[in-house]
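Next, two complexes with chain A in common: one pairs it with chain B, the other with chain C.
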Partner chain A sequence: MLSYLLRRLAASVVILLLSSMMVFLMVAKSGDPLATLRLNPHIPKAVIAARSAQLHLNDPLPKRYWIWISNAIHGNFGLTIGNQPVAPQLWSHMVVTLEMVLIATAIAIVLAITIGVLSAIRQGRTFDTGAAFTNYLFISIPVFVLGLVLKEFVAIPINSAIGHTVLYTIGQQSPNLSGGFFSRFGNYAGHAVLPILTLILVVYPSWSIYQRSSMLEALDSDYVRLARAKGLRPSRVLIRHTLRNALIPVTTVIALDFAAILGGAILVEQVFSWQGMGTWFLGGITNLDVNTVQAYLLVTAFFIVLFNFIADILYGVLDPRIRYG
Partner chain B sequence: MALMSRGGRLRTGATVVAAVAAAAGMAAGGTAVAARTPHSTHFAKTGSVTVALDETFPGFNVLTSTDNNYDLAQVINALWPSTFITTNKLTVVPNTQLLESVKQVSKNPQTIVYNLNPKAVWSDGVPINATDFIYNWHAQSGSSKWKDKGGKPYDDASTSGYNQIASVTGSNGGHTVTVKFKTPFADWKSLFSPIVPAHIAQKVGWNTGFNNWRNVISGAWYEISKYKQNQFLVLKRNPKYYSTPANIPTINFSWVSTDDSEPTGLQSGELDVIAPASVSQSLVLQANRVKNTDHAVIPGLEFEHFDFNEANPYLAKVQVRQAIAYGTDRAQMIADTVGSMLKGTKPLGNRMLMPNQPGYVNNGKAYANPNPNKAKALLESLGWKMVGGYFEPNYGPEAGQPLTFTISSTTGNPIRQETEQLFQAQMAQIGIKINIQNYDASTLFGTNLPTGQYDITEFAWVQTAFVSGNESIYCSYTLSQLCGANWVHYANATVTKLVIAGASAVNPQAEINDYNRADAILWKDMVTLPLYQKPQYYAWTNKLGGILPNASSSGITWNINDWYLK
Partner chain C sequence: MAEHVDLRPGGRTPPQVGSDRAGTPPRRKARRGWGKPGKLPVAGGESRHLGDEHGLAGDARKQWQIVLRRFVHQPRAMISLGVFALLGVGSVVAGALWKYSYTTLTDQIAAPGQGAPSWAHPFGVDPIGHDLFAQVMQGTKEDIQTALLVAVISTAIGTTIGALAGYFRGMVDPVLMRFTDLILSVPLLAILAVLGNIAAKQSGSWLWVAIIIGVLAWTYVARLVRADFLSLRERDFVEAARAIGASNRRIIVRHLLPNALGPIIVNATLTVANAILLESTLSYLGLGIQPPQVSLGTLVASGQGDATTFWWLFVFPAAFIVVMILCVNFIGDGLREAFDPRKTRVRA
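Coming up: the complex of A and B.
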């Protein structure tokens, strides 16, 4: 198991390096981040030269990449084209995104497993049919459309009915927030509900479908029939023998889907004006800000690798044959 | 003069002119200030307003190339004082709360005397005086004589005007400032707007010192109370303000990622004022449906236009450019694009001044209506024959082939894409084949236009109230240092002489006359084809009063001190 994990780790590092090189080349070659300044005849040439030197724009690409990677290893991601250190921005945006993604993922996992299990044990009945309809409905709606629909048809009517804003559509908190813990918490929650709900509704359906089919397969297996024949309690058969085995494929799907969740988060952040990694990354792309894009890529890749590791470890927990094999 | 971008547009003209008191009544000739009241009848003890912002900025020094953007100017209007303001009527008036008087006392050498309000202080109690003017001149002079903290060169968005100053001196305890120019500068009212606090900038640095919001002390109505980068900014009344205080105690600025989210924010009560950077029909319809709001669509100081690259062997012929202009039905383009948003939008007749600016003259009357027959006659006058519906040149790389040009603009702009398609169809009627090839803004403005890799392009210039900002666009491209924004490879000694003379005129009317004469020649030579003024859209909750949308770069917050809660 350990050697397997180490091999995975080594492969991940190589993939990480190669992908960072490719992204660096693509962003660095796609345009001049100081183009607008160069067009302005009134900006002294010394100013532009200083900015270019600061961003290493005059250096050859391999040298620029080497400067970036050697600094990044020490936690220094360089400067943005706005002349600010990348690292503090990265951490502050990451906190925002992780808050959304982790809460949404945790709730989506519980929802997906619950609906998947209930659909499987009530196969062909009203609940199963309703769940299938809902799953495919949410799968077919693009994330940004879903966000806009929730804003327009959930937040606005509820706020209008109550007479003041309880479901917010912009940002993570109100600008001039004051008051005690509960009023502040209420404001944070009011801002978080719709973005998190959007992300949940985008990610849970496919997991739920996997969970259902995995449960159906497990319910139809010999060991479950044997457990039933031995007279075990139905709840013990369902949880201990069926669900535990049925979770293995879903775990893989959830871990592999982490990149998709981050992709979804980019759009959710845009729709709800959350200043997370996604909004930051899009700003980096728009401004041809190589250091910002690279930092995003590195951190995203790290989390994808991390989640794959977690999946590998969970396999062992859920299936002893992997742990001791 | 800075090129300030907003939403992929390029801005000409003076550096951001921060808005200040809208008190009128004092001309630049030196009239005394009217008596002031302690505070206005609309003064409120509690309440707040939230304004949407869509552009982010790394720091607060709007006069650096790094931070020079439209939305930061909206914030700085409330924080740093300016000597002059651009009103919603697009006239430039002195800030009578900062200045007791201002006067051009000599034409040769051009000399301006500013008499400051002796009560004017920064929010830390330090007086606003000649020291600030001297420092702001040094920092924006472009001279290597003066350096920023740490010996670094100053990062300036513009050195225009400041680089023509010979001296800035203080007298009367620093309350009188005398500015002498080496060479005349017509748009001297654009200078010292805003004023950066010298004693802080010298300590923390001009270039990056104001990246820390705690260094951004105030010399105007509000001061920063709370800031979370790219999320929100809270301004409270400046308790040390030296004149009539602002009516509303708290102004919140809230960042919105996409313009399309702004109407929803208005509807949900999270925003009170929106001024989206890009205006579309759907956004206008959505925002207009929001109850209890007021709206305004005004023609902006921004105009769409076609540029013809005269490095192209066929576009180098004036007859070809004129034929294209005669074949272009601008009225139809307007009707099919922005016409429904802003009724009364007409084809533009001037490149230097917009119809809502003083001094506008319609120099493009000859092209007011399309004339396809005249267009064809012009192409035939070159000896070209129409074959299979298209003219074929008799020389150059396309000899014996259909006359073909490529039009390029920025990707992701539906209005421009629709305009290009209409242009393509209209040119087909006069025997010119048009291909469409668009690029992202950084490629178009960063590579294609400066290096001449285009035939025809469409984009927008954003003007300010100061007409000399056009100098670098239309003077001869051979003067690369001065005329870096002349991407059409046009050279005309008379136009060059007029725009340079206009920029140096000490009489504002003489400047306008020179630029209008230059524009008339540009129409005759059909260097570029102005299309229309772009509309600007504003919406605000009707609990707010005093809002006067301003088409200049001063923006909607130009009179933020006069806003009030109903």
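Coming up: the complex of A and C.
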């Protein structure tokens, strides 16, 4: 097990390094970050040359990569196009995104497992067909459409029915927020409900479908038949024998879906104007802010590789049949 | 049938085993099997020639017919296919015949109290004066052609990579699979956004968008085909083909690929749904299809600000996206059911 762990860890580090090279190359080749400065006739050539040297634009690519990656490992992601350090911006935006993503993922997992298990138990009945249709519907709605529908056709009518704003549709909190802890918390929650709900509805259906099928497979297995034949209580059979085993494949699917969740978060932040990593990243792309874009991609790659590593380990821990040589 | 059972090794020995397993052979056949060379005769025994071209073709045709029959008997999939075909053909025909083009500025504009859907403009007009029906038809057409091209590109790349990795194993497999991991190590949408921004500056045409999505969206097919090939390559008919002296290329193309075709087709269908999702998302973010071209994503983006006052600007394009993706998902589901009726539904 230990040697397997170390080998996986080494493979993850290699993937992360290769990924950082790919990202660096892709972004470095994507355009000239000083193009707008060069077009401006009022900026002297010397200034542009200085900025160019500061961003290491004149050095060969391998050298630029080396400078970038060795600084990034020490938490220094260079300067933005507006001459600000990237790292503080990255961390503050990351907190916003991770809060949203983690809360949404936790709720979505519970929802997906509940719906998946109930559909499997009631296979072919009304609940199952209803859940299947809902799953397909939400799988087929793009994130931005779902977000906009919730914003324009759910939140606004609810707010106007109640008479004051309960569900905020823009930003993480009201500007000039003051007051006691509870009123502030209420304000945060009012802003967070819709984005988190959108993210939940986007990610849960595929997990729920997966949970249902792995549950059906477990229900059909010999060990469940044996447990029933032994005369165990149905609830015990269901939870200890069926669900426990049916959770194994789903765990890894959820961990592997982390990239998709981060992708979804970009859009949720965009629709609800949250100042998270996604919005920050898109801003970086349109401004050709090389260091911002690279920092975002490196950090997300780190999280994704980490989650894949965890998924690998979990698979071995949860399923005793897996033996690593 | 009796002949079939007789030929199975140990098929007849204890009577209770025979009766117990009575349902197995046809089930097996339905689940696997794409006219395998060396397979036992299905009915009269006329196809019992190892690797015989005619026997193979006859068998394959029967399999196709079985799949087709199973597909046709699913109302949800058939209705979805009909709707999707209608959208595809309709958007081309309507785009050509409709009195306005998607670039025409009509004499009406969307303003408080006017521009709503009417007989002259079934989907209304936008604040500049474009006829929204013409725009939605054009967007649908662009979306469908983009998605189909993405499915072709990514299925071709994914099948090739998966087939090579699964068949040759050795050094090829880890290299190709680590390459796949590498692509998966960054959110797909994030890479697409970076590349989309580059492509958008060159040209905002659907072709570029389709190419960049296509060259990145193949990872799932590759893993699927690799897994299939890893198990198929150990089967007897591959051994037989190799013994006859078939080249690697021939074994892959003529023997292994036909056996893996079911999952590949199902997955290609789901890729179409995914491509519509990705394309409209990129276009919504302004990193996909660029004005003056329209896609349903750009239409939603320009309509979102007025979604409550000029609802038609948001509702029609958004509804078209959702209906298209839903239809393709249902078609994919129906195909999976047709190819593989035993397998429980698992979505990637």
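Convention: the second predicted complex is superposed on the first by the 317 of 325 C-alpha atoms of A that agree within 3 Å, B and C clash if a C-alpha of one lies under 4 Å from a C-alpha of the other, contacts with A are read in each partner's own complex, and residues count from 1 in each chain.
The rule is simple: a residue touches a chain if its C-beta (ideal position, glycine included) is under 8 Å from a C-beta of that chain, and two chains touch if they have at least 3 such contacts.
None of the values given here were measured: they were computed from a predicted structure.
Visitor: Quick check on the chain A-based superposition: chain B and chain C, clash or fit?
Guide: Aligned on chain A, chain C clashes with chain B.
Visitor: Considering only touches as defined above, state whether A:S221 meets chain B (first), chain C (second), both or neither.
Guide: Touch partners of A:S221: none, neither chain B nor chain C.
Visitor: Does the superposition put A:Q270 against chain B (first), chain C (second), both, or neither?
Guide: Both partners, chain B and chain C.
Visitor: May I ask you to decide whether A:D32 touches chain B, chain C, both, or neither, giving the answer as first, second, both or neither?
Guide: A:D32 sits against chain B, while chain C stays out of touch.
Visitor: Of the two partner chains, chain B (first) and chain C (second), which one does A:V47 touch, if any: first, second, both, or neither?
Guide: first
Visitor: Give one of first, second, both or neither to describe whether A:I156 is in contact with chain B, with chain C, with both, or with none.
Guide: Both partners, chain B and chain C.
Visitor: Which of the two partners, first being chain B and second being chain C, lies in contact with A:N71: first, second, both, or neither?
Guide: It touches nothing on chain B or chain C.
Visitor: By the touch definition at the top of the document, which applies to A:F281: first (chain B), second (chain C), both, or neither?
Guide: After superposing on A, A:F281 lies in contact with chain C but is clear of chain B.
Visitor: With both complexes superposed on chain A, which partner does A:T252 reach: first (chain B), second (chain C), both or neither?
Guide: It touches nothing on chain B or chain C.
Visitor: Have a look at where A:L297 lands relative to chain B and chain C in the superposition and call it first, second, both or neither.
Guide: After superposition on chain A, A:L297 lies in contact with chain C alone.
Visitor: Just to be sure I follow: which residues of chain A are touched by chain B in one complex and then by chain C in the other one?
Guide: 30-31, 152, 156, 270.
Visitor: Considering only the defined contacts, which chain A positions touch chain C in the complex?
Guide: Interface residues on chain A, with respect to chain C: 11, 14-16, 18-19, 22-23, 26-27, 30-31, 136-137, 139-145, 148-149, 152-153, 156, 206, 209-210, 212-213, 216-217, 259-260, 262-263, 266-267, 270, 281-282, 285-286, 293, 296-297, 300-301, 304-305, 308.
Visitor: Hey, which residues of chain B end up touching chain A in the complex?
Guide: Per the touch definition, chain B meets chain A at residues 1-3, 5, 10, 48, 50, 56-59, 65-67, 142, 144, 152-160, 207-208, 211, 226, 229-234, 250, 252-258, 261, 264-265, 267-271, 440, 442-443, 445-447, 449-450, 472, 481-485.
Visitor: Considering only the defined contacts, which chain A positions touch chain B in the complex?
Guide: 30-33, 35-44, 46-48, 50-51, 80, 82-84, 89, 92, 151-152, 155-156, 159, 164-165, 167-176, 269-275, 279, 283, 288
Visitor: Which positions of chain C touch chain A when the two form their complex?
Guide: 178, 181-182, 184-191, 193-195, 197-198, 201, 273, 277, 280-281, 284-287, 297, 300, 304, 307-308, 314, 318, 321-322, 325-326, 329-330, 333, 344-348
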